[in-house]
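So that you can tell them apart, the chains are marked A, B, C and D in the order they are listed, and the count of residues begins at 1 in each.
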Amino acid sequence: MDTNLALLLLFAPFAGFLLNVFFGKKLGKGASGTLGTLAVATSFVVTLTFFLQVINTGKPVMVDLFEWLTLANFNVNFGFQLDQLSLLWLMFVTGIGTLIHVYSISYMHDDENMHKFFAYLNLFIFFMITLVIGSNLLIMFIGWEGVGLCSYLLIGFWYKNQDYNDAAKKAFIMNRIGDLGFLIGIFIIGYLFHSLDYTTIATALSSGAEVDATWLSIAALCLFIGACGKSAQLPLYTWLPDAMAGPTPVSALIHAATMVTAGIFMVTRMNFLFNLTPDVQTVIAVVGAITSLIAAAIGLVQNDIKKVLAYSTVSQLGLMFLALGLGAYEIAVFHVITHAFFKACLFLGSGSVIHALHGEQDMRNMGGLKGVMKITYITFLISTLAISGLPPFSGFFSKDEILMTAFHQNKVLWVIGSLASIMTAFYMFRLLYLTFYKDFRGTEEQKHHLHESPGLITFPLIVLAILALVGGVISLPGNSWLNHYLAPVLAKPAHHHELDGTAYMLMGIAVVGALIGIGVAYSKYIKQSAVPAQDSEITGFAKVLYNKFYVDEIYTAIIVNPIYAIGSFFRDVTEAAFSGFIFGLGKVANMLGSEGKTLQTGSIGFYLFAFVLGICSIVVYIFLAK
Amino acid sequence: MYTLIAIAGLGIICLIAEIFNLRKAIVPITILGLLGSLALTVPDFGHYYRYFNSMVITNNFSAAFSCLFIILTIFLIALTPDFHKEHKAKLSDFVAIKLFLLTGAIAMVCFGNLAMFFLGIEILSIALYVLAASQPKNLKSNEAGMKYFLMGAFASGFILFGIALIYGATGSFDTSVIYGKILENQPMPAWYFIGIVMMSIGLLFKIAAVPFHFWAPDVYEGSPALTTATMSTLTKVAAIAAFFKLMTSLNLTVPGTYITIISIVSILSMTVGNITALVQTNVKRMLAFSGISHAGFMLMVFFNPIETPGTLLYYTAAYAFAGIAAFAVILSVCGDKGNEEVYNFNGLGKRNPLMAAVLTCSLLSMAGIPIFSGFFAKFFLFNQVLSTGHVAIVIIAILNSIVSVGYYFKLILAMYTKEATSEVQPTPVMYTIVAVLSIALNIAMGLQPDFVLGLLKI
Amino acid sequence: MENILQQIGIENYIYLSTLLFCVGIFGVLYRRNAIVMFMSIEIMLNAVNLLLVAFSTYHQDATGQVFVFFSMAVAAAEVAVGLAILVAVYRNLNNIDIDNLKNLKG
Amino acid sequence: MDISFVLIILLFGAAASYFVGDKWASKAALIFSTAAFAATAYLTYKYTGGASVSYIKTWVENPMIILGFQADSLSLTMLLLTTALTPIIILATFRNSINNSRTFYALILFMAFAMAGTFVSVDGFVYYIFWELSLIPIYFISLLWGNGDWESRKKAVVKFFIYTFAGSLFMLVAFIYLYQKGGNFLNTTLYRAILTDKEQFFIFLAFFLAYAIKIPIIPFHTWQANVYQKSPTAGTMLLSGIMLKMAIYSIIRWQLPIAPKPATEYMYVFVGLGIAGVIYGSILALKQTDIKKLLAYSSLAHVGLIAAGAYTLTLDGIRGAFLQMLAHGFVVVGLFYAAEIISRRYATGEISEMGGIRVQTPKFASMFMILVLASVAMPLTFNFIGEFELLYSMAQTHIWFAVIAGTTIILGAFYMLKMFQQVMLGEQNAKPFADVTFGEAFVFIAIIAVLIFFGIYPKPITEFITPELERLVRIINRFN
């Protein structure tokens, strides 16, 4: 029964994908959208069943289908592990997935390839489920690569635009860099443990098996590199902002709520491994903190509404990794969940705005939408407050936990995290003010068509906004349901911070910080009615920020261009040399032949002379030899 | 033995037939007669006969090579009437001379006495001088004949000198007596060895081994194509067979110095032949150089003479059949117009796919590509040589095989990738038959190598 | 007969005929007139004949002398053919200098 | 019915295609190749049932040559690959108008015959004959039905022929040398031949030369790209899909078991060469402007990885090489077919002249995409299985091997997606592009079905080949 249900969970979206691929066009837009949504909704329902089951029994559901890979030392089974962690992930993957599908029915209605869009979305959900429920690293890797593929397909959904295709390609390749790390990590783990099953590895580690600590660290580091790629951490984050080329629901689903959290999922999944490698944990924490700061800094000056949200995502992911690095897995998970709610809501809200403005994404051309798009505005506001970390919104609780943990372990990281949070509050409110306040700065044409989005778009917004509002309850400070729930999958008991004076002080600092950020934004964009300058007028450090620290340019200069240069060198020099060598042999033979040809003079005298010379040399040789 | 007489008689019958104006019957009669002699030869297998006071000895070796010679001659004679259709009156001469040439060749492999050997080689040579110069009005043919004659006679002098020295050392011309003497009297006088070397040089000249090869390209090019075919197949095979027989019957325990000489000559022949062939544009000339390189390959049999007669037979047969097939195609393409440049073959693949295929096969066989017997020949040869541990020479031979592909493929490329430059000529049926039969024999040998090898099993 | 060989010694016969043979070789090498070259070749053959006869005597064996007849017959046949070729060449070129026969080369 | 029957079908099919004439040649070829596949499948079925389907007969007494076609799981797998790909390749030519098609199809079947023979021969000499024999048809196929002007084509093809021929001649010497030790050419005898270290080294080298040129491993690869580009697509498919697999199969079947010591001793060199090929091929692929050349270099990279895996001498590496051979065989045929479809419609191989095709042909684009993904080893495709095992084997050898070789998944994605983007995506091309026909789609679907089926469920193959591979690995590692 469990097996069948698990298969239903997995294959409902896949069936949706197949049906949409093959019959989507014939079904028509409405039907194809409904089909895709239903497929994911089915998964959601199944997830819910499992979720309740696991809450009741406390035992994970294990499903083994068949042996997939056979290696000399170990086998890899096609198996699923539906435990607390994966079910939690599935809950918001399928839940938010369903909402975004609903949203997309309306959002993508004008696109001629809507059935494909839903097919890809369903495929994505399929792979995401695979990623989450796999019982070993390699099944996770299937999902890992699969979601990367779907991300590629969806970023490049409007494939007529080569810039979008570039972005899609970039996302795929950068992910692949991480994937290589992941693969190497898998190799080392397979080599060390002769298994890739989570349970086996965990048992082996907890039973104190003799494992080379260095290799273990390297494996953990490699896995983290994989996570960096997928979750857009330094130095592999640059694809995520570009990925905003995709349709907005994609940004919401894949590049905010679900796929990019795969890295956090993986690290949490392998927490028993990371626990044993403190140096790698430090690396994770540092990388996370720095990423969150840099991304937030870049986000300060971006003018594209989705770019801001993208950098915000990178920054928030950095915070999550900070938590992971500090060993606070449950807090990272908590932030993943709250972030999924409010960031999905923000993206969908921005999608609603973009939809209303017929594709306009530059905030300099927005403004004053508050009045026209009430629902969008309110939901957006709630989510913004949540992300800024103001109580009692969900973001407050999760972010506060992270900072608190950081404070207890490393003050520097805490400072960095707090700074990033303040910046977050600033740029999010900057975004809010520029978009919804003051007067409309777009064209008359646009202004004329301004409208609130239809119900299919606003409904998910409302649901998500409510979740963003109340999501914090799953892990209230001092009485965390989540910590309790996740305890079975974590090797170490959850951090428990007393609600003492320090805690309240930190909360206060965080709130004040957020308010400062908001205040600065308010004074600049409401009081002074400032509008960000045109691209050409940006100068100084702002320009560096605006150009994202020139990271893309640097990567191009130090990695991509040299590869092309080497390629040219190989093509023009070494290939020619190798080839020339072979042809050269032929040429030498021909040259010798021409020389030999001149010996053949045609003169009998010479021939006879050579004849006699031959005889003489033979005779001489005979006498010499004797 | 009876073969020898029958063939000589056949030659005379040919000449007589001309007198009685039976020109049309000459070729059929000859071919039938040759088939008859083939039947006469076959019973010689498995026996050892001495005739005329050991002047002639037949054994498996002689029988096998005689059969090969007869088959080759049948092919050559079948080609004759079409080739000499301009000179119908001389048909009997051409056929008879070829028959006499065959007599010489057979004498060269079944001699029991150096006198017989000398006569055989001279009969063969003189017949060839005539054939080479058989177009008296053609300066090229004259030149070829002249060159061949002068150098051939010169070489004959050395053979004779060698024979005289051997006679001086042993007091006999009978090979078995000489062999007995060698076993008795060790060491032999110095001039015995010199005699052997002198005879070897004469024979190296006949098989066109470097540095005695200079005549070959010129003579091959200048002679009428059919004569070239004869030279490159029958003569070369007869010479190497005689050489082999001579050396094995006189000098079974070859001293090291001799082997060194042979190996150097072999390496030089292979290399010079192949490399010079690369730059040739005349097909006959190219095949001459290719023949020189094959002579180098064939010389490798001397490394292991006790076990290699089968291999030698196989190699020569494979080479000769491929050569006959190739020349049948060359004749059909170039006729007797005396122009055998490669461009004549342009577009043959379209004009006459069958002949093109035959030529391709024969060239592939010469290049040593399976499943043609040329490949097996090389393989058996290398196998024998390696079993005596001469790795270096095998490597050199391999390198040469690689080079040889270069020029064989030049011709193949011309046939298939270039557009035809001259108009289509009808191909005489006989050419086609000979070409196909010959290449079929070649391939059959490749499929059943055991049959040929088994003829000379020790 | 024995006396002659005893008096002179077989080696000297060998030297003589080798010398003669070499004379022939040099004749072939130096001369450009085809007829003279033929004659030089004949000298070579005759040198050998001399040697054969000497050995025949030395060994007290008649076969050597018989062989000389063979070789003479062969030489005659050879020369006959050679002269025929020479005539053909002369008809085409009006001379018999072998240096004019250099068309086939390369 | 034994395994020689398959060879006979193919050979007879070649003759039949030639004699039925131009009009029916393609159909005859298709029928016979399919029959060969069916026969192989039946034989495999029989073999798994425990029946022996080998064929052994003495051919030549001295030297001892045995006409032996052994059916074990490895040769049967390769035979299946050959006979499965041949009909696909033939089917892929159906839309082309081919001059003198009877010769063309006869040559294709003859080539299939030779390659099949290479895979099943147990006698080294017979193996060598088939090995060489396969060169002749491909030479003519590439030469006579290829693309581009005569001169450059001739240059490329002749170079290819001489080069590969040269390499394999050294292998022949090695075989003959081994024969002196063993007394026959049977692989089991040769495995047991007692050789000094020096002998092993040179024999290994001789084999290496033959295989390195055929695979090709850098720096012996220079023939490859040009020949792939100049050949007709069927020829390219035969070359890349099956023929180079001959060499990798031979490494596993002949080279390593016969001379394992140098392989162990210099393992780093050979694995390193293979991996260098991965990087080199990938980077070169990035700079190609011709789609077939790009695929050629991509193939260079992939086979470099396969060879490197085989040279790790581990079970994983060798099995990975084996699986990847199969996977790569299918995927490369599919990719070249896609390239062929595009360049046939646009009459050019230049990538710059393409683009904007996806708008016009969604079906074709999807199938091409799947093939591209398979070629970059997306999980759930067969290629992933192979590549994973290969990389894992390298990780066992030395972790840096895995890291460097692993860049293939990055660089591979880079050039393949770049190509896909430039060829298929973008604004609609001005030139119309007809969507795939049923026949074309069938070829793709067949290939994709195989790739995905075994990507999800590779067990039938791994279970089939593993016992035999384990035996070989034991032989290979007999000195340690």
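FYI, a contact is a pair of C-beta atoms (placed from the backbone, for glycine too) under 8 Å apart; a residue touches a chain by one contact, two chains touch by 3 or more.
Only a predicted model underlies this, so the values are computations on that prediction, with no experimental measurement involved.
Asks: Considering only chains that satisfy the touch condition with subunit A, which of them also satisfy it with subunit C?
Replies: B
Asks: Determine, using the mean of C-alpha atoms as each chain's centre, which chain is farthest from subunit D.
Replies: The most remote chain is C.
Asks: Hey, which chain is the most central one here, using CA centres?
Replies: Central chain is D.
Asks: B-D or A-D: which has the larger count of contacting C-beta pairs?
Replies: A-D
Asks: Compute the distance, rounded to whole Å, between the mean C-alpha positions of subunit C and subunit D.
Replies: Those two chain centres are 66 Å apart.
Asks: Express in whole angstrom the distance between the two chain centres, defined as the mean CA positions of subunit B and subunit D.
Replies: One centre to the other, that is 43 Å.
Asks: Quick one: report the Å distance separating subunit A from subunit D, using the average Cα coordinate of each chain.
Replies: That gives a centre separation of 37 Å.
Asks: Could you put a whole-Å number on the gap between the CA centroids of subunit B and subunit C?
Replies: Result: the chain centres lie 26 Å from each other.
Asks: Can you tell me which residues of subunit C touch two or more of the remaining chains?
Replies: 28, 98, 101, 103-106, in rising order.
Asks: For subunit B, which residues are shared contacts with two or more other chains?
Replies: As it turns out, subunit B has residues touching two or more other chains at 146-147, 150, 154, 217-218, 280, 406.
Asks: Send over the residues of subunit A in touch with two or more other chains.
Replies: In subunit A, residues 586, 597, 600, 602, 604, 608 touch at least two other chains, as defined above.
Asks: Judged by the touch rule stated earlier, which pairs of chains are there in contact?
Replies: Those chain pairs which touch are A-B, A-C, A-D, B-C, B-D.
Asks: In the complex, go through subunit B and note every residue touching subunit C.
Replies: Subunit B reaches subunit C through residues 114-115, 118-119, 122, 125-126, 129-130, 133, 136-137, 139-140, 142-147, 149-150, 153-154, 156-157, 160-161, 163-165, 167-168, 171-173, 191, 217-219, 221-222, 280, 285.
Asks: Report the residues of subunit A in contact with subunit B in the complex, numbered from low to high.
Replies: Those residues of subunit A that touch subunit B are 586, 589-590, 592-594, 596-597, 599-600, 602, 604, 606-608, 610-611, 613-615, 618-619, 621-622, 625-626.
Asks: Going by the contact rule at the top, pick out the subunit D residues touching subunit B in the complex.
Replies: Of all residues in subunit D, those touching subunit B are 59-63, 125, 128-130, 132-133, 135-136, 140, 143-144, 150, 153-154, 158, 161-162, 165-166, 169-170, 172-173, 176-177, 179-180.
Asks: Subunit A touches which residues of subunit D in the complex?
Replies: Going through subunit D, the ones touching subunit A are 159, 162-163, 218-219, 221-223, 280, 283-284, 286-288, 314-316, 319, 356, 358-359, 366, 373, 378-380, 385, 388-389, 391-392, 395-396, 399, 402-403, 406-407, 409-411, 413-414, 417-418, 421, 424-428, 456-459, 462-463, 466.
Asks: Which subunit A residues qualify as touching subunit D in the complex?
Replies: Residues 21, 66-72, 78, 138, 141-142, 145-146, 149, 152, 156, 159-162, 165-166, 169, 172-173, 176-177, 179-180, 183-184, 187-188, 190-191, 218, 563-564, 566-568, 570-571, 574-575, 578-579, 582-583, 586 of subunit A touch subunit D in their complex.
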